Structures are given as structure tokens and as C-alpha cells.
Amino acid sequence: MNIHEYQAREILRAHGVPVPPGEVATTPEEAERIAAGYGGMVVVKAQVHAGGRGKAGGVKLADDAADAREKADAILGLEIKGLTVEKVLVAPAEDIATEAYLGIVMDRGSQSDVIMVSSEGGIDIEEVAATHPEAIRKLAVDARYGLLPHQASALAYALYSDAKLARQAARIISQLYEAYRAAGCTLAEINPLISTPAGEVKAIDAKMNIDDNALFRLPNVEAMRDEAAEDPAERKAREAGLSYIQLDGDVGCCVNGAGLAMATMDLVKYYGGEPANFLDIGGSSNPDKVVTAFEIMTSDTKVKSILFNIFGGITRCDDVANGIVEATRRIVVELPIAIRLTGTNEELAVDILKENGFEAMTDMDEVVKRAVAMAAGTSS
Amino acid sequence: MSIFIDGNTSLVVQGITGRDGSFHTRQMIEYGTKVVAGVTPGKGGQVFDESVPVFDTVAEAVEKTGASASAIYVPAAFASSAIFEAADAGVDLIVCITEGVPVGDMMTALPYVREKGARLIGPNCPGLIAPGIGKIGILPGQIVTPGPVGIVSRSGTLTYEVIFQLTRHGIGQSTCIGIGGDPLIGTDFVDCLRAFEEDPSTGAVAMIGEIGGTDEQVAAEFVRDHMSKPVVGFIAGQTAPPGRRMGHAGAIISGSEGTAAEKMSAFRECDIAVAERPADLVGLIESRL
Amino acid sequence: MNIHEYQAREILRAHGVPVPPGEVATTPEEAERIAAGYGGMVVVKAQVHAGGRGKAGGVKLADDAADAREKADAILGLEIKGLTVEKVLVAPAEDIATEAYLGIVMDRGSQSDVIMVSSEGGIDIEEVAATHPEAIRKLAVDARYGLLPHQASALAYALYSDAKLARQAARIISQLYEAYRAAGCTLAEINPLISTPAGEVKAIDAKMNIDDNALFRLPNVEAMRDEAAEDPAERKAREAGLSYIQLDGDVGCCVNGAGLAMATMDLVKYYGGEPANFLDIGGSSNPDKVVTAFEIMTSDTKVKSILFNIFGGITRCDDVANGIVEATRRIVVELPIAIRLTGTNEELAVDILKENGFEAMTDMDEVVKRAVAMAAGTSS
Amino acid sequence: MSIFIDGNTSLVVQGITGRDGSFHTRQMIEYGTKVVAGVTPGKGGQVFDESVPVFDTVAEAVEKTGASASAIYVPAAFASSAIFEAADAGVDLIVCITEGVPVGDMMTALPYVREKGARLIGPNCPGLIAPGIGKIGILPGQIVTPGPVGIVSRSGTLTYEVIFQLTRHGIGQSTCIGIGGDPLIGTDFVDCLRAFEEDPSTGAVAMIGEIGGTDEQVAAEFVRDHMSKPVVGFIAGQTAPPGRRMGHAGAIISGSEGTAAEKMSAFRECDIAVAERPADLVGLIESRL
């Protein structure tokens, strides 16, 4: 799960990280009011789950409250990477002496959380990693011991030779790590971490990605989910316990198992079609889930055919077939449907489906070809 | 023959009285696996299906029955604790089926398992099956048949699909292992490839990867440098968009890292024949046996 | 540092351990008022830093508020192992189904914190350990991982076969370990841990010893220090940074270094004397510390002679000699003093002392014999 | 010869610019110890006494100077962190002089040091000195003289007293080690005894214990079972009351465990001659050389 910059700032603040003030506005008037409260120059920043806000015009400096209102007006409603900006963060502009990068990421290769610092802040860390990796100092944290004070200190001295700045940075690094662990993060970034001419180190921007699997025990973090920023179909799927991701194609895919679902999408493409989605209904043959799957796929107006690909391992194919029949009794599906069921009790399943007027197949390649043809209108 | 399990493997099932645990325990017993004990705290003293004694702790189960392996079917909130417990009790092999384990929990569970000298498979995996010998996990016994092909995969049903197609074409398997779809897992491709290379009953290996991470790329180099047996591969997720988690917690393209294209080209560079479709794996394997 | 039962109960409660209510009284009237508030039977328990309260008559059951007043009156002012009871804890009497023991102790041998449980509660664990150790279940915690849930659970099932009780106990064990770590304990005990007929598990008694070395970072725990329960001389020594323990003898001993101080006490005994105290003035030659050392030793009316034993390693003996001279200029010491200074610049030191009228020696055995003779009055 | 240090030992001093650190660094250099670096965060780039370069981190100090050992003179609040840092930087020997380190801090520092393959002496110890070769810590150089006696002790000034009396009687020392008065320490009696047994320059060992714990009892059994060289012993605290901490955090009789009488009888049972007075050690050693 992604959370917004202003939410990540709240979490950091709760862990003691010095984060300058800042408030969220959903209207230009609100932004003006907030800016007036601070006085002086402010920054207005789009709160949206997409990178590259700056380049997209989502971050603007405003001279005063009236200007903040104008800037907020320009940013609110902006489309950034397909997402509409609904909120802006208004924060006093900071005096910046230096900008650095500080990030923690769950690293699969080393099976540890890796802390990265770079004195080249405010930039894209992936770009720095690709072009001059020597500018990034990395540390793999041994989770058994946690981040040790001397490790935080060594990273801090890699950023600042001045002891006063380094001591502040060491504290911030430890606090960020605590926040990262406590909030179930897989990524947490402060970019830039600034020092001011007065010798203070502060977190200006903040980004956090949360491990979905950790949310069940983090109700406070779960509460930060911005449902408005979610795709409605994806939200509906999530709430029904389905895993769904919308794509641009026209063949709706409903599969049991994530790997098989991806392979099915790939096969749609292989046979000249375009998958409309990733949808994993898991091992259940519960008609409720099948109903929801139909509702989600049919709500995508681009979808022209629906493809079921079910491998009955533990799941019995006849159970799934009954689920599909039951679901289509409850809701009307106008689109052509191609179904493949293989494995345990497949013959029974095919009989059930045919009796109820469905196309029923047992081969994965065949059903994909059929669904692609249906979507292309080259099949009845 | 087989890898990681054999006819002597004796199993304790953690969560044996739960919905999934009880179902799959019956399936495992039916397939011939020696299930010697179950564990559900608070249900110690009961007997599951009139044949398997239930204990409050894994330590007690191991002490009383000498179980050498454990299968974990407990809710995600308790899965890492179950892994710690199994490792602490001294079993050699721990197979964690549970999906949805927080990655932060695995950060400490993995070194613990290593320190205790155990092997963990999973979490979020279907487990493993040695056709005709036994199985730990949820892989369906009826689709496999004994033979020379080792299968290692990050997926569940996609693996079943491949096994099923091989079996239909009369090609049997030595051991089939699902290593799990999570970003942090106990046993990776290389661990399995090394074991298959050493296993006399395995003649060729099918490796089924997916988007996310670099485990397949590392495995490809291992195949090039250390394997004499033929390996063929498939990667799921060629059409997956970047930055989205495709069902599995580990199936995500981060930035430009972990794409299917990158993995397929790593395979090819290391002389691993790549199947475009799952069905193509059959022919690729057949021609190499 | 020891804290009182009522303070340990506070810490446990803050970590979620179910601890029944209870309040502290310093007068019988207060005890009556508290008991009246609870209604019914109460327990009145001496709050004193000594074991074996029960046997000493420091724990009594009272039928009602009036009775509580009487029982408190009997307990307040009682002497238990040389300590006067100044406070009592008044708590409602609990219905008890079973009593168990739960403790954590820092174990030097295994270099870990060891958790012990025994279903034989309410008794002296050392006695159980000596007579039937099989009744105690132990677990050494690996501090890198902390107490793992399955470990707490296994200990809990060793206490209770009933799952409902075991689940509560597992939680309490984990909470006690958290409290133990957070409060810098070297020992934490719940004895007894009871179960009630209604199936609840609760901590009735609580004991904690705190690592003195951890107190600097635990101001809330340091604030629990009961200065009234401390020996005034020992408190004065502690506040001056001296390590002092009063004994029953008549030879006051002032030594630099703990090992040498113990060896000096032993030598006093060896030569037929009785040491009046342990006193380590450390490596400093600061006259302030020497003044305090004199003040402490002379405030013990049993003391008949004062013995200085200083080994000048890094410390220069002449510095210490000057410190002693300076100190005796500031305060008048009526008792005979024997001083031994050896090591760096000892000749210089002996000269300084002799010039100022002190007995000055260089051999440890000789000075001890001299001080013992002085105390016995067999020497001028 | 000597144990744990030799002429090649090169030292980094953590806390070199502090009051104790600077004083003892000069003492160590004067005694001939190769002090190659100092560490004080924030003072990197300075030069101590115009001869010893100062760094911000131990890692940098080790990288630049190749230091093989570290001496720690930092306040108690930072001592365990300094130990972690030294171990992480890869030094072989860490000598922590600092007194007052919370025992809870040592609970994780000790396994860390072990995992990194380093040896920790202390905390709360005077360190060690190899007469004529070098010293790490605060043992006064002027009281020792080279010779055949190995000394290992939990104490500071009591050790000086014993060394001083031996030296006065013309009996020199191979290495003198104070292992520290805390309940949790990195190097115990047995570690030192084993090293003395293997050290060709050591002919006899004096072991100076005190009340608290069972380290002396364990050491006595080691002497009985594994040592060919004569060992004599002394225990301080025969008159110490139970339950009171006698200066050292570790010098406390808990219940009935850790009394001087118990330790002295363990010594005698294992053929370790026990001195009644520190002065008696001289004669006991002399007759065994």
C-alpha cells in the first residue's frame, strides 16, 4: 500500500524526525488559509501516489497566501500519471544549505533492509544508482540486532563531515529505521534530507510503501489508505479478497493462482489479444467471489470477452463449475464467456457447464485462442 | 529418489486441527506421507482422525514422535512464530504453506532457521511432492507421476499446469517444489538446482519463474557455472505492468528491475531453453531427456 | 537497586500484566480507608526490601476495614531483617484456585536472561531448585531475538494444561519479559502467579531488582528509589560516588578498588579484627571524596580505628597523601588512623604523611595488623 | 611471549580525545604499545599528540591503519555501541575499560562479538599487559617485569598489589590480564587459562577471583582436566555479606551461590593451591616454578 507524503510525514514526526510544519488542503481557499497562517513563502505539493510530481507540475513555490491559492488551483485536479490530484500539502518554504538522500528499502537479494544515503539529494536515487553508484553509501541491517548506533553514525558521517550535522543525521537515520519497522514498510525515503544555513537537519519530503501483509496488525496505518485515490474496481476486488489489476486490453481474465493468471495474460498476448486485467480468484469456488469477479470485469467497458482459466488441483473443478453457473444465475453477463477447467473432476465440470449453455474446454491454449477470437469479434 | 524428502521423512503438521491443516493432512496421509504428529496449542492429548497424536508444542511432538519435518498451515499472523518453533524443535525441513506473512517477520525468522541448521521452504508456497514417495504441502497428488524431471517454481497452479501437461505426455517427475511467491523465502532456485544436480534420479529440470527480484538471474548463472543436467525455463508475467504487485507479494517489477524480458534473456545467455508458452515446456524437456 | 512490591506492580501494570488493585498506606488509618474502599477481605503486606516477609509477620489477611487497621498497625514499624516497615500495601484478597511461580533472572553462566516457571507457586524458588529442580522449567532467552511467542507458549503450557489459562499465562510471560527489559531488571518475579476459580490468571506478588548501571537512562525507575529505606550512610556514599556497605565490625576500611577493598576486609578478619565496612573510593585523590569517606566511617559509632589501603597504580600516592592531609584539615577525625600507600611515588607520600603526623606504611599486612591493634586498644 | 597481544598488535583507541582515553593512550605509547589510530566521532582528521591520526569511525581507522586491536575508553552509555563498532570493523581484540555498562547492553553485544570472530576483554576491566612488549588498558607499566607467571584476575588494584609483590620478590610475569568485575564479560578465566597453558613463556598461573557467580568453579574444573601447568589462586570477599554488591557489579553473593568459601574449596578440590592472604601468593608461586 502507498501512503501520501503528508501521511508519511505524520509517521516520521511521531518517531521524532524533525519534519517542518505542513497541512493538507483540498481546495484553493483552504490552501490560501493555511499559507496565510504560516506567512511568507510556501510550497504547494500534489499528494498523489505517483513519482515525478515535480516534472509534472505538481510542486510549486508560492510567494504568499494569494499566490498559494493560485498554485493550489493549478495543481488540484491535475492528472499525474493517470491519477487526479485531490489534495495538496502546503508547507513553509525552507532555507536550504544542502540536500541529501536517505532511504530504506527491503532488499530481496541480501534478505535484509538496506539503508542508502547519498549526499546528492533531491534526485532520483535509481538514476544515481545507475550512473554513479559510488555516490551512494549502503548498509544492510541485520534484523536480529536492528540498526546499531555506530552504523547510523557512520552513515551520517558519510553525509556530513560537520559533527553537529552528523549527530542530527544519525538520530534521524535511527528514527527513520524505527518508523520503517513500526509501520511495516518495504520502502521509506526522505528525499531531500536538508541542512539549513542555521545548521539544522530536516526531512522535507517523505515517501513510504507499506507491506500489505503487515496491515492486519497496523490499524493506524491501514486507516491511512486513501480509498479515493484507489481504482474503484481494484478497491472492490480487494474488499472481496480478490487480487485484481486493471490493464488496457479487452479480454477479461479470471484465473485461480497468481502465476497461472500471469501466464494466462501472457498467452492472450501470445495469441494476438490484449488482456484486460490480472485477476486471481484464489482456491475458492465460492459463488460470491465468482459474482464479484464477473461484476468487476464487466464494469470495465473495454472488456469484450471473459476468459476463465481454472486449474483444479485441490479445488474440485465441478465445484467451480457450479460456482460459475450459480453466479450467472444471480447476475446477467452479456459478454461472451470462454471457460477452461482442468484437473480434479474436469469431466464432471465440463458436463455441468455444457448443460448450462457455456463453452467448456480443458486445454489452456485452446481457451485463450477462443477468448481472443471472441473479443476480436471473429467468433460467434 | 528425490530431493529434500524421502521415504523416511516423518512429518509433524502445525495447525493440524484447522480447516486447511486437517484437509491437507488427510491428503498427505492418503498420498503415503508419514504424518506422525500434529500441533495445535490447547489441543494436546487429542488424536486427529484416530491416528495422529496432537501436541501443544512442536518440541513435544518431536520429542515424542521423532518427526524430522514440519508442515505449517496456520494463519499469517502466527506463521513466523510457527517457523521459529519448528526450527527451535530441531526438525530438518520446514514447509510453510501460509500466504500473507509480513515480510518484516521473515527478516528475523530466516536467520533463526539458518542458525538452527534447518531448511525452510516457503512461505506462501505449495510445498513439495516426490511422486510415489510422499508430499508435504498442498500439491495435488493425482497429477504427478514418477520420472526424471525435477520441477522448481515460484508459483502454485501454474506449476500444477506444467506437471499435468508433462504427466499427460508420459513424462514423470523426480520431485516438484514450489519455493513460494514471497520476496523473502527460505529456499531459492539455486538451492533446489544444486539438489537436483546431485540427485541421481533427476535427469532434467524445469524452472518456472516470474517477474520480480533477481532470483532467476542468479539461478541462470548457477546453471551455467555448476550444472551438467539440462535445464529449461519459463517466466510468467511478460504482460505485467511495472510497479504493481501481481498477486504474489514478490511478483512486482521495481523500477526497471525484475521484468520477464530480463529474466528470459538471462536464461538464454546461460543456455537455458526458454518456453514461450507453458505448453512448450513439454517439448523442450522431451528433447533433452 | 531494589524497588518495592507496589512499585513493581505499577511497572507490570504499565506493561499490560493483569495486577489486581492495591494501594499503599503509611498509617493504620490510611490502611483502614483503603480497605473500606475495596470492601470485604483485604491483604496487608509490608513494603520492605527484604525476603521472608510472610514468616516475619509482615503479611496478614484482614476481614474488614477495621481489621485492616489493626493489621496495618501491627505491621507498620515492624523490624524485618534489620529494616523498619514504613509502608504497607493494602489489596483486596483474591480467590485462588492455583498458585504458580514465574521469574526472570540475569544468568551469568549462560550469559542470558533465564525465565523460570514452576507450578509450585508462592514458595521459595531457591528451595524448589535445591530440593526438586525438575519442578522448575527454564528457558534461556536469546537476546538477539527476544522472547519468541512459541517459547512463552511452551512455558505457559508447562504451567497450565487448560488452553484458556495457558493463553493468558503466555501473554503475561511475554509482558513480564518486556517489563524486565524496559526497566533494566536483573531479576523480576511474580510469585505467586495465581489462577482464580473463574479462570483468570493474575500477578499477586511482584519483585524486581534493577541493574544500577542501567538507571542513568531510566529516570522513571530511578525515581522509585526509596531513600527512606536506604541506610543513610550508604545513601550519602552513593551520592558522593563512593561504594560503601556497612558491616558490624570496628575497623573502618577505606580502599581504592573493589577487589583490594574486599581483600583488605578479609585481611582484617585474618588478623583477628572485624571490618566495619566495605568502602571503595575509586581511583580519585580528590580531597572531597576523602572527606566524605571520613565522615561516613566516623558516623558509624562502632568504628574504633580507620585504615587506608591505597595502591598507587595510575593514581599517584603523593596525590592521595595530599588528599588525606587536606581532608583532615577540613574535618576533625578523633579516631586513630593507619595509612598504607604503595606504588607510584610511595616514598614521597610516606614523607608527606609523616610530616603531618600520620602513621604511614607501605605494606598491606603491616597496616592491617596495626589498624586491628588500634581498634582493639592494644596499640597507642 | 605473551597471550592475546604481541609485538605486532596495533591499536586503535576509541575515545582517544577524552580525559581517560588521552591519559592512557600516552601511557600505552610510553610503554611501547603501537597505537596507530584514535576514534572520536566528529574529530576525524585531527592528530592526537602530533602522532596518532584520529578518525570519525573505527571502520575508517582500521581501513586506513590496519589496526588489529581496540581499546575502549568511552562513557558507559556508549560503551556497548563502541564494542559493536569495533567488532564490526573487524579488529581481533577489543578491550573495554569502561565501568558501569548496563548488563542488558552486553546481552546483545556478546553474541555480536562472537559472530564477528573477535575477542572481547571486559568491560569494567584494567585490560592486559605483556611486560616488555606492550599493554592495552590501564595496568601500570612500572610495576611489572618480564617473567614466567601468567596472572588473570577479576580485579584491578588487587591485581596490581599481587603483581607488585611478585615483582618485588624478583618473580616476573608473562602476561597480566584483568578480565573485569562485571557479571557478563567477554573473556573468562577458562579462556585465559587455556591461552596460558598454550603459551610457552608461561610457567605458572595465578588466578585471582572474587565472590559472585561460578566462573572460578568452572575454571577450577578446567585446571583439573586440561592444565599441566601449576595454578595458584586467591579469592577476595571472604567477609562479604550475602546479597550486597561489593563495588563490582558482579561481586555479589546471590542466595547461597558465589561465596568465597565455595570457590576456595572448588580450588582445593581441583589441586589449585589457595592463598589465605594476597602476600601468600608469592610463596605459592615461587615453590611451583
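All chains are identified by letter, namely A, B, C and D, in their written order; residue positions are counted from 1 within each chain.
By definition in this document, a residue touches a chain if its C-beta (ideal position, glycine included) is under 8 Å from a C-beta of that chain, and two chains touch if they have at least 3 such contacts.
If you're wondering where the values come from, they're calculated on a predicted model, not measured in any experiment.
Q: Under the document's definition of touching, what chains do chain C and chain D have as common neighbours?
A: Chains touching both chain C and chain D: A.
Q: Moving only to chains each one touches, count the minimum steps from chain A until you reach chain D.
A: Contact-graph shortest path, chain A to chain D, evaluates to 1.
Q: Hey, which pair has more contacts between C-betas, B-C or A-B?
A: Here the pair linked by more C-beta pairs in contact is A-B.
Q: Going by average Cα coordinates, which chain is farthest removed from chain B?
A: Here the answer is chain C, farthest from chain B.
Q: Based only on mean CA positions, could you tell me how far chain A sits from chain C in angstrom?
A: Their C-alpha centroids are separated by 56 Å.
Q: Could you grab the centroid distance between chain B and chain D? Build each centroid from C-alpha atoms only and quote it in angstrom.
A: 51
Q: What whole-number Å value describes the gap between the mean CA coordinates of chain A and chain B?
A: Computed from C-alpha means, the inter-chain centre distance equals 28 Å.
Q: In chain B, what residues contact two or more other chains?
A: In chain B, 108 touch at least two other chains.
Q: For chain C, give me the residues that contact two or more of the other chains.
A: 144-145
Q: Please categorise the chain-chain contact pattern as a line, ring, star, complete graph or other.
A: other
Q: State which pairs of chains touch, listing all of them.
A: A-B, A-C, A-D, B-C, C-D
Q: For the complex, give me every residue of chain D touching chain A.
A: It comes out as residues 41-44, 56-59, 78, 81-82, 84-85, 88, 108, 112.
Q: Show me the residue ranges of chain B that touch chain A in the complex, using the header's touch definition.
A: Within the complex, chain B touches chain A at residues 23-24, 27, 76-77, 100-104, 106-108, 110-111, 138-140, 142-143, 153-161, 164, 181, 183-184, 208, 210-215, 218, 234, 236-241, 244-251, 255-256, 260, 276-279.
Q: With touch defined as at the start, can you tell me which chain C residues reach chain D in the complex?
A: Contacts found on chain C: 106, 108-109, 111-113, 126, 142-144, 181, 184, 186, 211-214, 216-217, 243, 245, 247, 255-263, 265-270, 275, 278, 280, 311, 313-314, 342-344, 364-365.
Q: Quick one: in the complex, what on chain C touches chain B?
A: Going by the criterion above, the answer is residues 145, 148-151, 153-154, 157, 161, 163-164, 166-167.
Q: Under the definition above, what is the set of chain C residues touching chain A in their complex?
A: Spelled out, the residues of chain C in touch with chain A are 144-145.
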